[in-house]
């Protein structure tokens, strides 16, 4: 494919420019470490870990925090969102609260979370959880609201009671939206990761970047950024695959 | 990077503590020494941000912990070590919760200790832990000072190595195990230092001399009229006079003769003791993997600005 | 014959508007009858059907088997213009939906679904995803889904409107066959007069301003292919009938 | 409306609980300042400013940073996004770069931005800009890709040259998407605000919250959070109004 | 009469598939002729129209006025099934789109648009937003938009497929009127045989397997309302004609 090879050339070009510029010493190595340097750092961290903690443990703890948060967000936001989409009363109670907290930058309330919940894993996971909650909730409300009303009328006139309608029509009907919401939530939560690991951590990929920036270890910073970028892409890719498999009817009717 | 050659401007990175810069600012020493120049003071929470600013040309001078100075050297930031603002004493302490039953340093085993990473306190703590072979037996947490207070209050941590004014907030239910003057006695002095950008030094050596003169004047004032100096520092930093007094008592401000002597920064011929101890700190930090290599004496020698000193320090 | 649906002075308006869409109309649908509603776009055909289905409330009398219609019920199955099959369920599960909702046993559902798949000629597609079916196939599944319940009345709102002329022709035959087999009653809307003539026992006509059914014709030509009549005598009669309806529609 | 009054009751209820719990001293005022306290702080900051800077200046500088970033993002992301949606070649060149940087948490690269651009306004605005860029870019690509192909074929067979097609069909056709992208961008940028004002600032609402959290001034933290929440809602509301007026055909066809 | 479109051994396949959809078909469209294409769903009617429009490439010979058709051109205006009017432009701007694109002066555009608005009976709706129009109105604007260019050929792919029977009937008359006034040629696709008979000069028939036009009939009944013929002699002929076409379609 022409397109693919063009993309590869672009990355190759960037790599070459990066290599040339840094190796000819045109830029300071703190501003821009060379690719070999970053690679060497990578190998070093893979083999010896960072701050005496193996690389896989850093990665593991970060993923643990992220997945715990997403998991909690799914099991709370999906029922609340579906309820809010279905019942006007429930919507009146809960919706404005979520609309209000949603735009607030997570860092603004992180200190308060720490005061309330301590410096352990709880406050970190809750921060990521709050970031993930709103997108899933909103997607559920949206999903329920946009279900083809004929689907519901059909079900009723086929003899389905409200619970049956919910279980077999409203829920699957909203699923494509819910899944999109989960993907968005993963993105938002992921982008809050570094903030969450900024306080009282001694592990995690986000913390590694923050720690490196304290000592101006550019090659570690660059490496961390590259790892986070790749990880973000990978997670979204996996979610996309799962979506294609589970929500096979998405976009069809 | 914005390397502006605006010779009417001086950008100074400061810490919001009652130090010589605060005294000088409050008593308008800077204005007097730099008439007609535009002075911009930028407050940093830590040497971490100050280093970023030095790197990108956002400030010409910046005050920070000497460990951050080591970071600046290993990160190859084009700066020189110009001045020791203060030597840390009991303003930085290792403090433990009274309720935690920690009687001596050995008891720290298995406990959680918080400290702001990359700070002088962090370094001091690691030295203590190493000396007592506790490195792998405690959990060291990276926290900003404000988070240390919160975590302390909630009982999330058992001990902390931190500085004033945070210490005051911990002292009501805390007990001091050791302070940084002890570390100094062991040969691991720490202190706050001021760095100057190479470019500035090259372009405007006279302004650098004047800058040192201003700070030296503050040091002299502390010797001659301690009370006035404390009042000025308190006013400048917005804290009470008694707090300022407590914090300043914990530190040592050395005279300009001492600064550029073999005890501290060294003179034309010899490297200073303080700089040597910074080199030790560098070696230690490299051992901790926090910096990418351990600079040798030569590098610290080049890093230290002390040769010009002979000409003006007698003012 | 017994009266299945009875509408007496039926008036309908939508909750969000003030204007009456249907104003005091009367009609009856008998047991085992195909009752077709024709009229210009926007005259209120779908509105009447929705009221009968129990989707929207109505004023006046609207009874099924003598009981007031208040909400949707399995006994009145609805086929929509765009099949509204559930894409997350297979053909089989779609057809069995109503029976499952009503709590029938797996075996019973299985049996009925197989029978219906056979009737609509889609036994092969039992486990196919619905969005892989063609338009005509979808509509057949939608009809089977409603038939599964053995409801007394089928409501169909332009069920073949989205199909091409040739598929449409086949579907009309299918409906007549099923109707003959299952002995159900049907209320159907169409905008194709030939379809109305071919399928119905009765044709109810609406125009664009009276807000009611203006005439109900008995149709003697059920089963005829109105576009291809061999016998010229009959053709003449059909044409007269069609003209009569058309002029009423446009009145 | 029943719904509205229910929503108001919920907020009133929360306020009452907040008031009661704090005034009866059931919780520590650092963990949870009382509403009067927060209100007093509000009046104080409105009249005397915070840290010797008037409140409106804090608000102004924050909005300046935000709007500069959004403005820059619009004028760069819209052309790039439209180009990337229109031309496969251009897409091959640029798309993977943006897909890669997009998931990276802004805080991970903030230090590098500061090293490159200094501690002044530039690095702050660029951070917000990078947060805002991706959503607008992606919305433009999406917008172009989802234009009814009949629209374009019609235009061509009516005699329109490529530029005319772009100006009068592709661009207006993508506008609804672009606007949604701008709203998303505003949200993402807004949530990065506190991070941007965390380093070497002495003004801005985000900085105010950070500064307050350093000295554990809970009432200022709460106030800042409430202000940020309200501001976020307000900005989105304004964008929504503009959207309704400008993109009058949205969702119609 | 001159030949406007000439297709000689025309074959078409879509770029993303290997199978030929149209295989060596031949036809000609004369100047000032309405050429209607009928056939079962999926036989390739739209594919032929798109090739003539220049939207997809074709093998073999496909000429307009003796020149090869390679890309869309204002001289071949297209009316889609779903009007594809630009919702961000008013009715007036939509109709004037082609003229503006081709660089005509404001006054010229103004004049032509007014004339066309008059013909389609929408002068009142000049500044209306297109999404506020009914389906029939939209289709009229779409036709006017194409007419504005005074192109030699109009291509219409089931232009009235989405309209109800009654609106449809009126639109057919409009097309015939416009055709008489504007002296244009038309290639139209429909799945309604009565529409084909009423509108066309020629009817080209496709079936579902030959991948080509199997027969082209001359139609003598243009203008007739095929569902309501008074004269029984003519009606008989129309019926025979229709049966002939139908049997070819289903062949």
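Just so it is clear, A, B, C, D and E label the chains in written order, and each chain counts residues from 1 on its own.
Throughout what follows, a residue touches a chain if its C-beta (ideal position, glycine included) is under 8 Å from a C-beta of that chain, and two chains touch if they have at least 3 such contacts.
Every value quoted in this text rests on a predicted model; they were computed, and no experiment measured them.
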Chains shared as neighbours by chain A and chain E?
C, D
Provide the labels of all chains in contact with chain B and in contact with chain D.
A
Would you mind pulling out the distance in Å between where the CA atoms of chain A average out and where those of chain C do?
49
Inter-chain centre distance, chain C versus chain E - centres from mean C-alpha coordinates, in Å:
33
Report, in whole Å, the distance between the mean C-alpha point of chain A and the mean C-alpha point of chain B.
39
Need the CA-centroid distance for the pair chain B / chain E, whole Å please.
84
Contacts with 2+ other chains: residues of chain D
30, 111, 115-116, 213, 216
At least two other chains touched by the same residue of chain B: list those residues.
52, 55, 144, 146, 150
Among the chains present, which pairs are found to touch?
A-B, A-C, A-D, B-D, C-E, D-E
Sites on chain D touched by chain B in the complex
30, 111, 114-120, 123, 199-200, 202, 213-216
Applying the document's contact rule, which stretches of chain A touch chain C when the two form their complex?
148, 150-151, 153-161, 164, 168-169, 172-173, 175, 248-249, 252-253
Per the touch rule, the chain C residues reaching chain E in their complex are 40-41, 164-167, 191-194, 227-229, 232, 235-236, 239, 242-243, 246, 249-250
Chain D partner contacts - residues on chain B that touch it in the complex:
1-2, 42-45, 49, 52-53, 55-59, 144-146, 149-150, 153
Can you list the chain C residues touching chain A in their complex?
53-55, 71-74, 76-78, 80, 82, 84, 86-89, 97-98, 101-102, 129, 131, 145-146, 149, 155
